[in-house]
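A, B, C, D, E and F label the chains in the order they appear, each numbered from 1.
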């Protein structure tokens, strides 16, 4: 049932983010409750929870892609944090973003690194790795 | 010396691709020899050879980014092949590209998968994994 | 005459936006008066006023495209408001942006929805639909 | 159940495209059967079948977005054809793509129009509107 | 009058390209005659003919932008040729495209250089610089 | 030696920007010292200092590309300022950005012009051309 997809996605997303889904999607639910639900079901209930690729590699892929695209800093912020939560080190995040200078240009890498800097500072304040 | 960067990059690229750099860059050297040299020096002699991230994760990042950007199928083809050469399985490539449907949309994922299909078919012809 | 294009575009843009062109372009006129003029003449005096597609469908197209491109939130804000002014409902705006999750990825849709949320809140303050 | 989503999406996609899903996804199924399934379930079983926006407007949005993004000509071809199948006229397709010159630049519009030209020629051969 | 813009644009474009506008736009006129007309009027009749920037610098800007965007190889081909016609050397084209490796990544630069290689070969066949 | 590349890039960047490299890269050095070093070495020590294209034309290319890409306003700000420092006039900057309306759409041009407006205002405060 769809219900299974939502529950599986909720669990996946909460495990990765350390934040309750209700709090994460609070603003979105008010305007677009179905997009909020899809955001749990398809990315986390269908795709990211799949067994064929380890969760750390999945976050490497997402941090790389969002850095390269360069137009989703809010999502990049969240995914860098989730990458750290699932086992990436800060040094590895810095490597992934640095590498994007090659494939998407220096501005994309520099802007991605500014987001990482914010994430690291926030996590320092929270006492997180 | 710059010479060190080129030699290090050449070795890195040849190890990953299984192809001699001279053959790979033959067309480019005729028109833009310095860009050909930079393509070895900076991406492979400076960045991809860095110790801070394992080579398999680096190729996960690159395959994800090129699939998401969606405008470099020739390079995506080469990097999927290099990913397979450094330890990714075909199933993992399929997972990375599938995941890009979430972050860059279904057309990007479908077009990336078409490139992967070509790579897999070519490697079948060559008896490669 | 070019003058006709400007007058036609001005009328078209003012009808859609409910704002005088002078106020809208005030900041731009000071630095780039000809770009300000072109912004009225070509988009609104040549294209958007054409009879071959109804004005509501034109705004559906523009909201979709700006959401998908993801790098013009100021313009997306203005075009969501114009879409509402020419007959789109808020529910339809939410549908268009949700659909972009399919074609441009979830980050593009989520960022577009955040812009829509701002537009709706501002219109609530102004007592607009 | 998920099964419902697939069946609903299959019916939606087949109605819009006039082509059986098995034929459409044949190449993809061989390499990435789950992405093939997701391509039916999420875009067509969840989103495009939603009642909140008429199907013609949905195709206006998709044709606009794919023209603006400019890196998915195969999908743009399919969606122009589906737009014609659900009630858009060729003249309206031409208007949507022309309008993208404003929002994404002339190269994007010219390349989108070349795709439309191919679609129209193919439909002429098939005796379709 | 609009007529003036078209005539001015036609002259500008023909001078830059060395090709008659009718031949250039032949395919487009059949499907979208107004977009064909706009393509002459706005880019060439309004913008590129402006006195505030020399024509060679204008082509430097366009070749750089199309290389960086990476999704309009047909237009990049035409603009490299026009750049050569208005005074850029082949060596300068190679420099512009090489520089895009910095700002848009190596794939964009390598793909741009492949287009330049085609243009240079075609001009060799035609005995052009 | 690599050291030569850094020193040459430092000199090039400081000449163009009028700002010391240490101040420019201060924030980046703390998180990603090697990316900071690469940002001097490759763009400025390898590419921008090359003799084959005059420095003013190089900045025309970069301002055009960053305006068209539309997702790096911080870098566009810096490059507009450097363009002015190496001999572009404000009127020429306005022309380059206006021209991007043709190749990347009006939103990209309008957002680029907003950045230029900020640069011009800041330089007015500093008494710079």
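Just so we're on the same page, a contact is a pair of C-beta atoms (placed from the backbone, for glycine too) under 8 Å apart; a residue touches a chain by one contact, two chains touch by 3 or more.
Just so you know, these numbers come straight off a predicted model, no measurement behind them.
Looking at chain D and chain E, the chains that touch each of them are A, B, C, F. Seen from the C-alpha centroid of chain C, the farthest chain centroid is that of B. Equivalent interface to A-C within the set C-D, A-E or D-E: D-E (over half of contact pairs identical by residue number). The pair with more inter-chain C-beta contacts, choosing from A-F and D-F, is A-F. Chain centres were defined as the mean of their Cα atoms; on that basis the chain farthest from chain F turns out to be D. Between the Cα centres of chain B and chain E there is a gap of 30 Å. The geometric centre of chain A is 29 Å away from that of chain D, both derived from CA atoms. In chain F, the positions touching at least two other chains are 34, 38, 42-43, 47, 50, 66, 68-69, 71, 75, 94, 98, 100-104, 106-108. Taken chain by chain, the contacts link every pair, so each chain touches all the others.
Across the interface of their complex, chain C is touched by residues 27-28, 30-32, 34-35, 38-39, 42-43, 66, 69, 71-72, 74-75 of chain A. Contact residues of chain C toward chain B in the complex are 68, 100-108.
Against chain C, in their complex, chain E makes its touches with residues 1-2, 4-5, 34, 38, 42, 46-47, 50.
Contact residues of chain C toward chain A in the complex are 69-71, 94, 97-98, 101, 106-111, 113-114, 116-117, 120. In the complex of the two chains, the chain D residues touching chain C come out as 42-43, 47-48, 50, 52-53, 56-58, 60-69, 75, 91-92, 94-96, 98-104.
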